[in-house]
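Just passing along the structure, written as structure tokens.
First chain written, first letter: the chains are A, B, C and D, and each begins at residue 1.
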């Protein structure tokens, strides 16, 4: 059996503001194996980024809290780790890339020094010349000539900046890379270049990856497994082959596929999902998708559907499917 | 048949500290009544400037914009304002394009007031209510402010405003790229329905090729201020001729697994900017087929098959 | 069936946000009390009692008869304080209104039309801004001679450039917004664009600046009076009261503490209102 | 960079001309005859007329202004009507006093304000934050001369630690500097706090945290430098203004600095003295601002490349002309 690098069990995250409590992540279970790329798909407000920040333990202080659940990364329970322990883990075992490359780099520090910083933090034994060599190596690896290391972020284009961000994230050869919409802000041709490079590096360094995206196309091109999030829950997960090449899907997943204009298929009208995501400040009692679901049944509005917490097969959180349907009948 | 809207040699240059930026550099296009022209390109290709120049939100440097036969680029400000009733615009960012101090109904009523379309207060209210219904906005939002609504509804307000004066031509500048996928599809469907009902022509500006295929009959691909390929939607996707168009198509991540293994060679490098460009093909520095023929003199659009125009000297040499 | 919520006016929305801040409410209450008492004080006490000297009752301590005691000329400090408030508030508001009016005209013209006009107007404003504020005011007072009107003119002129700048900046910010382009795309006439779209959105920072400038002007009035170039004795003015009391401040500290506190409290209250307005006037903040 | 400095210095000339014209006109409007002021009340009409002729006061306004500017261009600021000493000498003899007070005042303010602003931003809503905010609010609401009087009352008259007036020893400079500090400090604190809060929210701070950097490291290596940029500008501008003479505070402490010189000159219609000191103050403020801008370029690389573009455009325009 393959060892899971990351295992998340029943993760719940809330944001507390002056007025109300936002239920951002409501019981997420997922796992990532060594060397595997998982696509985490969902729309704005689905809880993708919150899940990622919970893994990094970088939720906003004073407002964001992990309410319950366990996050086991490389054998360590992150939810119980102290801030000091987390500092040793971040950038070393797990790193994260954020969406907007234009603002992810410190404008007043040279890119070379920003790459070097992560090495200084985690590979203290290295001499300064070794360190300098590693920086050069990382820059060449992401396709930027190393003589540009003394330049500042504003001297690079968006795509180049994202390459530098990737170099920082991979400098200490982490076991897990979390990439939060790494190419959304980039043009398609640049997105293509960056994704290909990330895939290539990931394979060379044997890194596992969680790729957060709203683009099912990106998932199809780069991921091994996929988890689809909706209103703070994972509503479907499985290997990409199982999710993409099938007609048995969660109604929301079907809706997502119906919403994408596909250049390979000629269809005049799209089949979007009507309505909006439920208000995360007052989540519904039953299934989160109930209001918008074209196949809703009476029980869906009352009881949230169950989800197999173990196993890595294709799973759908819906009263209409598999395990859920059977258990639903039984009760 | 003469087109509803046509541009001839349209140019828009900007002076920058670094030199003259050729944002739109000699664009010819024609859009028939009730049809959609998709304008595709990456950031900095001049597609938004093209839309704004056609609507004279920035003054063209040179060239003609023919609307129903007359050159509106030469119109006086007064005449231009009168004709704006027919020519409307939908923005990319729905929030920043809506006045934060006006309610939804006030925003939609604004064109009615400006063009003095409706008579009394009641008629205006009815018309606003009707427009809100048309774009799928519930009545209860009439007195809300834009920041209180979600992105999809905000974009519906923008559409209702553009629709209020019963225009014949609408420039849609990336109207769905700020929206989530499921909302995106709702808005695209709405735009298509409106076109069918009211026979409006669209110029649909976007960076997203899959969206543009869906909505337009004709597509124009822009690179650094110039049109480099133009064809009907089916033709362009079935038989892309310009190396840049091919690269663009190849770069789109397709949500199916068949395309997965066959990774095509992507284009190298990044878009520069059209500041004081040298004559010759502007894509040449990134093009794998580039040779000495590509530099020296400007490459013009040439017909290659029925209605398929392409600006490439190599056209047909490789597939 | 029509159950759409009623339209809430901009004022209601601003007020709802404003009253969330306790400090802002406190400031507003203090300003209101000050205004009201400054307004009604002549109904109870003659102005003459604030200026007439009575050497039989000099330096009296705080008592029921004289709440804040009396000064070196035997005048009731409390009454002088209240008449002082009238002067500070009156001159402060009049000054700021005058400079706001002329400053906004210059700023609005420069901001809306841009180009050469903008260039020329702003260069002139830059020159004025390069002269320290108090210095400019002092030299104008010196040129025109002392007196409340001249002080008002001097302070107003010295504030015009800062208003012109704020108005121009906020107009430029709004002018760049997409909704202005949307209005232009509708063929909206310039006058309507300014009235309906630019002004309502640009007014926030201007209101805030106006409030904060009233506070600053009150400081300036007292400063100028302190060096004898503002309002001259025996007119009750906080700054000149401080100057008068300076030689005896060790023996009679309340003579400086009371007017000093009056200035600080007034200015602070107005500043609190300004800060509250700054937060409340931003339409992008929810609720 | 040198080209940029040169351009900036050249751009100061029209500003100085504008300022001098404004002040010259204002002084011209001022009531009172300088000749009579110089000669005193008892002077004969003939003597006054002769003096007017000697001072060139009978010339047309424009002639006098142009003569004055011509003198300034070669470094001649004229002679004071009151003392008959060259104005430039008088200014230079008073400048060090004003400089010490302004410098110490700004230094005290900076030393206190930056740590206070940083701490209150990092510990937002904590007790320290609330106290700092209240102190800042109180300080902005008090006129500088009143703070000066309070300091005299407490430290000079009651505790007798520092002298109340004069400039003979270093001790004399402490209270005036503290008054200058109190006037400027509040602004610095607010500025530091708000820019710091803004920088803390930036994405690159999150990137730094994601690298595994501790909160302390992130604040010192990433936040501080970026958030101090606007603060540096504000400090510079305030320093420039204070160097031009801290009129009110010099008045409270009876300090013979530039401020006192200026105000006496204005009162006595000593036109050369007024003109000289105002122009001097403007030049000093301009130079300080330029120095701040240059410093800025060394802290923020984006600004530096902006300056380089700025001069490139200048060269292009020169090429066209």
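A few comments on the model shown:
Basically, contacts are C-beta pairs under 8 Å (C-beta built on N, C-alpha and C of every residue); 3 or more make two chains touch, one makes a residue touch a chain.
As the structure is a prediction and not an experimental result, all values here were calculated from the model.
The chain pair with the larger count of C-beta pairs in contact, out of A-D and A-B, is A-B.
Of all chains, the one whose mean C-alpha position sits at the greatest distance from that of subunit B is D.
The geometric centre of subunit B is 53 Å away from that of subunit D, both derived from CA atoms.
The distance from the centre of subunit A to the centre of subunit B, each centre being the mean of the chain's C-alpha atoms, comes to 32 Å. Here the CA centre of subunit C is 23 Å from the CA centre of subunit D.
Annotation for subunit D: no residues touch two or more other chains.
Annotation for subunit C: no residues touch two or more other chains.
Residue positions of subunit B in touch with at least two other chains are not found.
Subunit B makes touch with subunit C in their complex at residues 52, 55, 57, 80-85, 87-89, 91, 93, 96-103, 110-111, 114-115, 139-145, 147-148, 158, 161, 165. Per the touch definition, subunit D reaches subunit A in the complex via residues 202-204, 206-215, 221-222, 225-226, 299-302, 305. Against subunit D, the residues of subunit A that register as touching in their complex are 56, 58, 83, 86-92, 95-96, 98, 100, 103-109, 117-118, 121-122, 152, 154-155, 165, 168-169. Subunit A makes touch with subunit B in their complex at residues 43-44, 157, 159-160, 187-193, 195-196, 214-222, 240-241, 244-245, 255-264, 266-274, 276. Residues 2-8, 10, 13, 177-179, 181-189, 192, 196-197, 200-201, 283-284, 286 of subunit C are the ones touching subunit B in the complex.
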